[in-house]
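Each structure below appears as structure tokens.
Here chain A shows up in two complexes: once beside chain B, once beside chain C.
Right after this comes the complex of A and B.
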């Protein structure tokens, strides 16, 4: 078995104690919630924090509540299982319930939290390897090296945003609250992400993601499709999150399409969304929108299956997600 | 009467234990976590050992400096290649490994140094302190590269470039066969190969007990998660220079092997040497990544096949070539090479057959045996190839196969003896149960319906047949001793202890021994205590490979039990005043068949027998019959005392927009003869179906810049329970004349037809052929797009297997052989073939082998 590197574990009881400990310990400390991403990464020496600040006891990170007309608050420390099973989320934010249920395996969803999934380290099959493997092939810039092994000429890291819930929360226009000894900030979730595989989050080292706010859901429908190889225990090689609001006359009032696992951050298909707004969703239009959305996907050879395949599947998955939402509203079949 | 029909009378049914769906004897301890696996063993003062492995696929070792590691507090021993210089390998003909690399490393993961330390953290630190200077050499990562660069020699010993082994055979008259054909087709296929992925990673604990009065210095015990304690015993003894009498190898519970734990391994040898040097027990547990590096998995094989047929599909000749990517060392590879060719004539009756096989060394983890050992690759090729021929000729694929089925009680063109064979029944069963005819008749209606519903899913059904050995007919090292032996001791309290070297790797071989002895002695299996897989306590069984254990250990157990039963019945007959032939054993009694009320309890009989005969211990043994193969060099691979047969129908749904394939159902009929326990047989069939499904569609053994690309079970895709198709197991066949209670194998054979059945079903669904395994969705989509050539898209050409072009002749001398060349031989002069090896169960005597027996030990 791979060994964890040595570290100290601190177990604060309140959020303010946790933020204080993170501030005191400085960049050598990392917060840990479910640990399902961090601990394996530590075993592979992608992270070697001297201190882990445990978040599991913090009540301030717990709870799911609200309503579809005022919005819903989700504590970042809620497990993916409780998010995917929550009646409010299943009924009104189905894309989130689907995404949370699509993460990894039942055991890991019982331990892993939604906050941890949002802040999942970006992934790359040159990087998510053991110390032995990375030493063998030569380290990459994301850890211990200086070049990107996927695109050696590139000045940047192309590790992939691989969280199932992240594109969904972007499509749902969620906001997140970050807390530190320096204060609190609440930001649209898009502002949490950088297009940078090495530093994918705007979260500062001393900040704790406390909660997620979902806006009112009335009139919205949403879904999430995940391209994967098997029924469980896979990161997405493509995630498609779509949220739609229809006008009474059937036209699309508003549309959000976000792609996961195609870049270092969740990618909004803005052109495609704009093309949908105010239109009647005909099969031809949906196909056109899907093709537009897929232009935003630029996969590289650092995840499962081939680049061509992942690229080719993007419009298919976007169109299928749109079809699902349009059909659900129209009852039987596309026109 | 045929020689194989003159056999011992079988115990008359109905059976009390055999054929019943009983739980495994270790079921409760296994599922409740009480079973002890190698890594569970913790001994006082135990050290933790580990291996430093090469980071380069091919490099010369310039220097190794272990000083800093040795000086680290908590490190008790550091060893390198010079400390264990003796070469070893599972096959006597491929002694090409050293426990730790000397001079050269040949793949990423090749062990270079070993450390023993007081705890795992110190161990890890010590390994990082060893400095190795390498001169990096060009790495050969494919069959083509290995053939193209004879100047870069991976092993100095190879005579011809990097060719490890090349063979060439012609059985019957191949030219005449093709001349008689109305139609000839050629195809290339590629099977990428894969790892076994046992859930338990390899682990071992070694203990040295020093004894200054012992000239050897002490005795060594090794607990290891191995399928073959006997072969590990031989090789560790050889490398360490410790006589076998001073070495004890024990396999505790083993968490799956599938062939991956059949070699002697560096970590086992190093743990032993570290224990000897430190005088303390040493444990080495491999990581998952190390399991991928140790490998010994399915060989990547490129295959070329050419078949001639009559208009009706009757095969007139087959020419088959295989190119095996062996990885860095020999392992079982010579046997694997033979196996890619040996069993083709055992499924279909081939009137003429030419086989050329070659294995090359590459700078990848060494390949070896995996479930089906060398036969899933050709099975895939042959069954897809025949389907293509059926389509070309417009012949029903079932009819084509039926015209060519091998016949029961026959000889193949390459000299193999076929006995019981329910292949046709297997075929009929899967066709009937799957609704094959109805499904194909409804094709047009189904397609119209899919179009009407604008569904992207197209369904298809495919079929394939296969055969597998019930135990290798020859041991790995040439000898005339039994392949399996069982000893039974009866206790005057009624207890029964069974000793056998057979190694339960989860398949249930220990349980099978219990059922068989219980049936013979007429007692319940729970009464029996089993000691297995311990080279000191138990008589030799060669190991859990080649699907040999039920057949061979089972027959040995029957013989041992019968010897005891005879004693029990003799005293019971006397006490009950009955002739012994009126007695039967059952339900814990020895009773009169005419009046079961006249009975003696098992305990009473044991006590009477012990009083009469002394301690009640008996042994039985088994070796396969002699005259089951041809008399040419290399005939030792392929013969078996019996063959199992399987047929599979796969129902798939192919998504034409995504190329994703869902296997909706597998119907698998298997000729197991008599199931000793139908529950365990069904478990083996389902496990085979699951594994075949994963190999067909998911598992990718791919390398990037000389490294295994994805050595983790997150990234290396094996199916989950959610993916596993519905499996309908159909057990067919009648008891085999020579199998224990008529039993044959079930552990490997059922995997074989699954892969081509799925490939043929995909073709049936969408009309594309992917002649390469695994059939991943990207390949399917590419082929679909190439076939559709949609406007506006510039489709890639369909995936195609690139042929291997040989500029020279096949690098092996052609051996021609025909069955009619077999001439009756007078009584053998070398009497050692006549020793009483298996008592009454040996149907030889009229054996007619020439003096030209296979020169090297036949192999797994």
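Right after this comes the complex of A and C.
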């Protein structure tokens, strides 16, 4: 049986009460929203917080609103189901609707929140195992051990950023607001991530992710493709988020390509994006861009399927995503 | 420390003294004797413990009872009405949609939620709605057929309600 370790449960009613509780209880406390990532990790003893601060009742973390010309605000406590079904998101930020709908299963999307998905713990075959399993191989540095079992000579942890919505929000140039008793800060979502499997987020222990801001969407098209073994349940072993803005003459005005599940943070393919800007999207160029983007993927043997396969599929998925967006535009005629 | 809470399950109120770290699955099965909700992987990877919270399927193995005191909880025990099985339960039995039966309660609750929201789902929509429920006997085809048959039955029953005199006509 996998039981949860004992904890005290606190249920604040306002955001300020929640931040005060997190500050008072200190690092022994963790916030819990949908619980779909934290509770399994607690059952496996990856986390053993003495206190959980429940975020469910906080109205400040709810709501989706705005418009494509001024931008959209998403409360971090909105479920992945409500994000993926929201008409505004489906129509103007389709990559986000696709990514939210691709997370795990209907049951987990009904409980799991977008804030929780953004702050998903990084994953690794040697880490996401029961205490019994990890004990039997002597633990890894991410929890209870001292070395990385994927790359034993490495000084760092290579656990993988496995959130579907994270690369999409980077490609959409979203901003996030973090709140604590010390104040609040609004940052580009890229600044939320560290390239470190053990400490993947710049969020401090007393901070709560309150909301996500999407910039205006006019003129942009976006999509998200996910590689995984099964069509449901599985975390991504590659996520490709692409957002494109075309000029009236058909050239690419701006392009964002972000890869998920290839490192400890979402990876932007800068070289590939620069190669696209100002160009006509010919098949030759798109293939070149896909190859360039794939150079940013350096998978290690710590997720499902083989490294070679995951590496080979990266340019294929980037090319497919680019083709989808370019063809959709050409198919829609004079728009 | 135990906390005394009230849970609303299948239209009845249950007072339970729970420890904060007990999951809804544990409380349903071990404290309330509602063992129809199945105990599978405990990690959100199988769907066997699916229950409805205000009509929405979630996993009871990852739900804290303290967080759902305001919700109406439906378990498999709550599907029958006055001793009559839900049409989905009937079609599952008739079409052999249960083999070992362990995934069946979860499948049924996911399917109930689907048919309430979408009375005429396509095969693809049924697959989507049940994509969080694993069946390791690999009986998915029969399960999809049973959901389709139940959708027809429910829709016929609704039409009967709309035309109350239909039964009296020759």
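For this structure, a couple of remarks:
Going forward, the second predicted complex is superposed on the first by the 331 of 335 C-alpha atoms of A that agree within 3 Å, B and C clash if a C-alpha of one lies under 4 Å from a C-alpha of the other, contacts with A are read in each partner's own complex, and residues count from 1 in each chain.
Here, contacts are C-beta pairs under 8 Å (C-beta built on N, C-alpha and C of every residue); 3 or more make two chains touch, one makes a residue touch a chain.
Remember, predicted model here, so these are calculated numbers, not experimental data.
Using the contact criterion defined above for the overlaid structures, shared-chain residue A:36 touches chain C, although it does not reach chain B. Look at A:107: by the touch rule set out above, it reaches chain C but stays clear of chain B. By the touch criterion stated above, A:2 is placed in contact with chain B and with chain C alike. Within the superposed three-chain model, A:229 lies in touch with chain B and out of touch with chain C [touch as defined at top].
In the superposition on chain A, contact of A:54 is made with chain C only, not with chain B. When the shared chain is aligned, chain B comes close enough to touch A:133, but chain C does not. The intersection of chain A residues touching chain B with those touching chain C, taken from the two complexes, comprises 1-3, 6, 231-233. On the chain C side of its complex with chain A, the touching residues are 19-23, 26, 42-45, 47, 50, 53, 56-59, 62-64, 66-67, 110, 128-129, 131-134.
Put simply, chain B touches chain A in their complex at residues 53, 55-56, 108, 120-121, 124, 285, 287, 289, 454, 657-659, 698, 704-705, 707, 709-712, 714-715, 717, 719-723, 776-778, 781-782, 785, 796.
Those residues of chain A whose C-beta lies close enough to touch chain C in the complex are 1-9, 11, 35-36, 39-40, 43-44, 52, 54, 56, 104-108, 110-111, 231-233. Chain contact summary for the complex, chain A toward chain B: residues 1-3, 6, 125, 128-130, 132-133, 135-137, 229-235, 304-306, 308-309, 312-313, 316, 333-334.
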